[in-house]
Amino acid sequence: MLVVMQEGATEAQIQKIVGRLMEDGFDVHRSSGVVHTVLGGVGGKSHFDTGIISVMDGVKEVHRIVSPYKLAARAFKPEGSIIKIGDVEIGGDKVVVMAGPCSVENRDQIERSADIVAEGGAKIMRGGAFKPRSSPYSFQGLGEEGLQMMRAAADRRRLLVISEVMDAVQIPLLAAYSDILQIGARNMQNFTLLRELGKIRKPVMLKRGPAATVEELLLSAEYFMSGGNYDVILCERGIRTFENYTRNTFDVSAIPVVQKLSHLPIVGDPSHGTGRRDMVPSMARAAVAAGADGIIMEVHHDPDHAFSDGAQSLFPEQYYELMGQLRLIATAVGKSI
Amino acid sequence: MLVVMQEGATEAQIQKIVGRLMEDGFDVHRSSGVVHTVLGGVGGKSHFDTGIISVMDGVKEVHRIVSPYKLAARAFKPEGSIIKIGDVEIGGDKVVVMAGPCSVENRDQIERSADIVAEGGAKIMRGGAFKPRSSPYSFQGLGEEGLQMMRAAADRRRLLVISEVMDAVQIPLLAAYSDILQIGARNMQNFTLLRELGKIRKPVMLKRGPAATVEELLLSAEYFMSGGNYDVILCERGIRTFENYTRNTFDVSAIPVVQKLSHLPIVGDPSHGTGRRDMVPSMARAAVAAGADGIIMEVHHDPDHAFSDGAQSLFPEQYYELMGQLRLIATAVGKSI
Amino acid sequence: MLVVMQEGATEAQIQKIVGRLMEDGFDVHRSSGVVHTVLGGVGGKSHFDTGIISVMDGVKEVHRIVSPYKLAARAFKPEGSIIKIGDVEIGGDKVVVMAGPCSVENRDQIERSADIVAEGGAKIMRGGAFKPRSSPYSFQGLGEEGLQMMRAAADRRRLLVISEVMDAVQIPLLAAYSDILQIGARNMQNFTLLRELGKIRKPVMLKRGPAATVEELLLSAEYFMSGGNYDVILCERGIRTFENYTRNTFDVSAIPVVQKLSHLPIVGDPSHGTGRRDMVPSMARAAVAAGADGIIMEVHHDPDHAFSDGAQSLFPEQYYELMGQLRLIATAVGKSI
Amino acid sequence: MLVVMQEGATEAQIQKIVGRLMEDGFDVHRSSGVVHTVLGGVGGKSHFDTGIISVMDGVKEVHRIVSPYKLAARAFKPEGSIIKIGDVEIGGDKVVVMAGPCSVENRDQIERSADIVAEGGAKIMRGGAFKPRSSPYSFQGLGEEGLQMMRAAADRRRLLVISEVMDAVQIPLLAAYSDILQIGARNMQNFTLLRELGKIRKPVMLKRGPAATVEELLLSAEYFMSGGNYDVILCERGIRTFENYTRNTFDVSAIPVVQKLSHLPIVGDPSHGTGRRDMVPSMARAAVAAGADGIIMEVHHDPDHAFSDGAQSLFPEQYYELMGQLRLIATAVGKSI
């Protein structure tokens, strides 16, 4: 930790900081400049709350030196992580596509979805079984029955399954039916859920919260990696900004930033990232061009009548056309789909 | 619902929208202007997803007319709601102050806290028993034992208790020990939790998420009011913006906005709103001056050694001095503490 | 204009709104629903300030129907605009690349730059001659001498020139030496400057301000198009958000949004969009994949010693490699470089 | 400057950074920790672009130690600056109120305005003479004639005058008619204008841009203080965030933040900060309660027919009532109006 004292900080103020740091086990090195004194704190607890120092009298600013995340950091695995599920690899030279409807609605819909998904060339089918929605009057999902239907449909077309877990009590159920458990953006900092997911041995896809920095996303990943589950996929799905033509601002630059800071694979979700079907193809292409390890997107056989997220679900033909473009772009960046 | 068609929208496009709306039970009125055709949809499901219409061909924009929230709207109770707990009223002419440490740390600390809180004149003591933290290595709270300690300390000083519920399974426990259940900012859209809280008959304080608009806050309130629990207090605690000197940007204007749109009381939390002890007094004063129905803030007998949130906890003397200022400001706006 | 009255708005409130609208020449149609009365205002001044209505008693919300921009709207030229300068076309099937240093530093540097730019295949050279910087002590640009040097270097390599105009008094000078005049992000709403640029007949590239919505960008374009200058290129260069690993958040989705709402060409600037050289290649690729009509980026023969913006300037080899990737991606979206 | 190297940075990478810093005159101190090497750079140019270092290979992060602003920093004048104009002092124990219409519209209006302003107890009248507006079809201001009218009206009621300067060429005109020159939010980083204003000897009020941090505001103040003009008043007027019920988010916390970091007086502008008349009184009260040195607000004898900004202009009675409240609140924080 580096503590920069204000210009004119008194010796008593400096001593108080030094004392406080030593209390928590830090060795303190002092460097007196013409204008500012800088204190370097070494050792001490890694999760020490630097905020306590930053509001003490005479302090100008405090910088952590050691990243608060270690297991998620690039340095932990410089060559990058590859998550293997059956014969699908996420994080290597392939761009993995996950596609499907927002919700599992009924058997017919999910069977048709599996056909569409497989036909377009995606390897993983998405679909939600638990849909606690912003309106209490909206469709809330089919629960376990929906998971069964999706598993059957996916198996028939040899697809993997990804589905969202909303609560720790649902973990066994989701783990039984799906290959990847998704943590939604609103749960990115639901630490109870993260801790429980750290105990299982199934891949997890963690979505960035709409108000979370990339560093906070990595901290959440660290949270359950520290429990021993290292099969983590990250997902950029849009952040909240003042621009409101799109529902969120899809932060494409988060893709190379994650790849610089972490060894974990990063997937782009242009459906939630934009909230508008007419923006999904261009943003899916952008994500692949930026180097994403995968794309997750919503496609529906009849988006105008989808039970949820119809506005951002692609028509089947749009999806097929887009997959063709993504293949070309993947090639341009040295990958393949 | 009002659907504004693009300049040059074709008759076929218009007919398709009309048909889609009628399918869902809307009566459609058409008004053809020189430049734009406007369709008014009346009736239909209140939770109809207008997004589906907004991405259809030829549509310029769609506006909901009827608010997606009803029970939380000012029109539902134009005179404003007053939540009564014992002899404390929240929402009337009093400015209610809630104060206390971030976490219950041990018996001695919480007893001292109760003394400080009561001495300053606050009526309600705050304190957390479950602290799932961003670092998995940090203090995680004392759980039920902490709640017992806080209840005892509060009772001794005749204070009410507010404490945070993190998960639906904790509801009975929290309901047993505290007078108000707090929903944290990260759980503002945890609909599973909101639904369960709608079933109990205890006052709840709902905090605004860091990326949530005021309208979304009201939608979340609606969520559990629809379950029958009308004793809801709202809380502004800062939003995420590009300014990073403060941890969040404390959106003081949310206070009058909530009071215009809703009948529910609104409380300001300058501790989380700024994240810095040196900014808390000015922001607490601002919130009261803006008309807040209450203030919740962190105070600790020894902030430099608090187990959590020390940086934003007031020293006891700061808290006493601030309470004096708040009394004067409350008077200036026709209220009292 | 559509005025939605609040639930329970009184007849007197409604009459007051009707009267106010009629004063300004609007015909008013009234539609009374079960819950809300809606007033439709037709005619009246296009620049009528709807804010005045929105704060009147009893008003819930006001929606403009007619876009505040007309000349910049897609409907004005549905097939899209192509700006022709010599044999370069911006807005058609080509992706036009503009590259060069942030500032013109001296003759040697700008001559070397021209060689690098031309070698990579860009058609337009960028370079600034006026650099009023955030620090008053930094390099402020070479002025006219710099423009002369850049023109000479560009002519030698048959490149077009784009350079920024900071103030209306500089217009004749910039118009004499460059083929496209750039309006910087900070001047996007400098209406004095916009008005003067509306009077000349040179192409202008207008950069989006860091706090401007796409709609506001189009309004600024309208500003000088209303003066008769229709040769406008728009440029996305990053918006200000809470994420601060990158200097700005490069809003790639602005590219398809502009293309939906407007007929004007849109160019991406990944250099300012990210502020970091290591993020520029991925974001340049993303912009082309998203359908951008062009890319503007900074390249320098020795970025570590550039007088300005060195951190976001590419090394020549990075630029060459990137151009190769961009050519492949352009093909994938049906264009060429 | 502190340069923190990445975990695993090579000796060659470290040497390259050291070399680059020494080139620019820095002395470099090296401190090798178990995980990270930290380089401290002392001396060198104060405006050295640290970005160049931050993108070099092996660098984790770079922190400036010395503030980029000196003259605007609190340390330069720890007791705080007081700007004296006639018998008005800004920055001391008084809360100075500036009020008046958005634009000077005609003689009758500005005379009535002067009466209203004076009656309420404000000492300074505001009013704009140059109004380059977002719509090219809107009222553009009366120019010099408007300034003459305002000066005459203000003199009759013994009020000071503040008015906005849009362009360097207008400086002599504005300086002739007004006591304080205002720099609008859009011009906060118009460095040409700032430099010219640094040469005159009239007080200037600098408004924070909607996407500017407080630190950037101070940097802009530094810009013209470095020219010798030390009579600077800062103004918070709202920042751009995702919340759009209000036009901007009025960042009340900027007031104590400025007072901590700088010695310059800070004024709040709740009219532009909210954009809505119904939110102005509560936000004006909040700003005074937070410790603002002044308030600037719009008041009009007939806001529903104001030529500009009618939606955010107070009715005279609202203004009178508000002034009464502000006096009480000022007292509560140890000041007076």
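Which chain is which? They are A, B, C and D, in the order written, and residues in each are numbered from 1.
We take it that a contact is a pair of C-beta atoms (placed from the backbone, for glycine too) under 8 Å apart; a residue touches a chain by one contact, two chains touch by 3 or more.
Only a predicted model underlies this, so the values are computations on that prediction, with no experimental measurement involved.
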- Compare the contact pairs of A-D with each of B-D, A-B or B-C and report the one sharing over half of them by residue number. B-C
- Item | Comparison of B-C and A-C by number of C-beta pairs in contact, larger one | A-C
- Message: From the mean C-alpha coordinate of subunit C to that of subunit D, what's the distance rounded to whole Å?
- Response: 26
- Message: For subunit B versus subunit C, what separation do you get between their C-alpha means, in angstrom?
- Response: 38
- Query: Rounded to the nearest whole Å, what is the centre-to-centre distance of subunit A and subunit C, using the mean of the C-alpha atoms as each centre?
  - Reply: 31
- Note on the structure: subunit A touches at least 2 other chains through residues 211, 239-242, 244, 278
- Which of the residues in subunit B end up touching subunit A in this complex? 20, 45-47, 49, 51-52, 54-56, 68, 132-138, 166-169, 186-187, 189-192, 195, 209-211, 216, 219-220, 222-223, 226-227, 239-240, 275-278, 303-304, 306, 308-312
- Message: If we count contacts the way the header does, which residues on subunit D are in touch with subunit B in the complex?
- Response: 211, 213-215, 239, 241-246, 249-257, 260-261, 273-274, 278-279, 282-283, 285-291, 325, 328-329, 331-333
- Message: Help me check something: in the complex, which residues belonging to subunit C touch subunit B?
- Response: 2, 4, 6-8, 29, 31, 33-36, 38, 40, 42, 61, 63, 65-66, 73, 75, 78, 240-242, 244
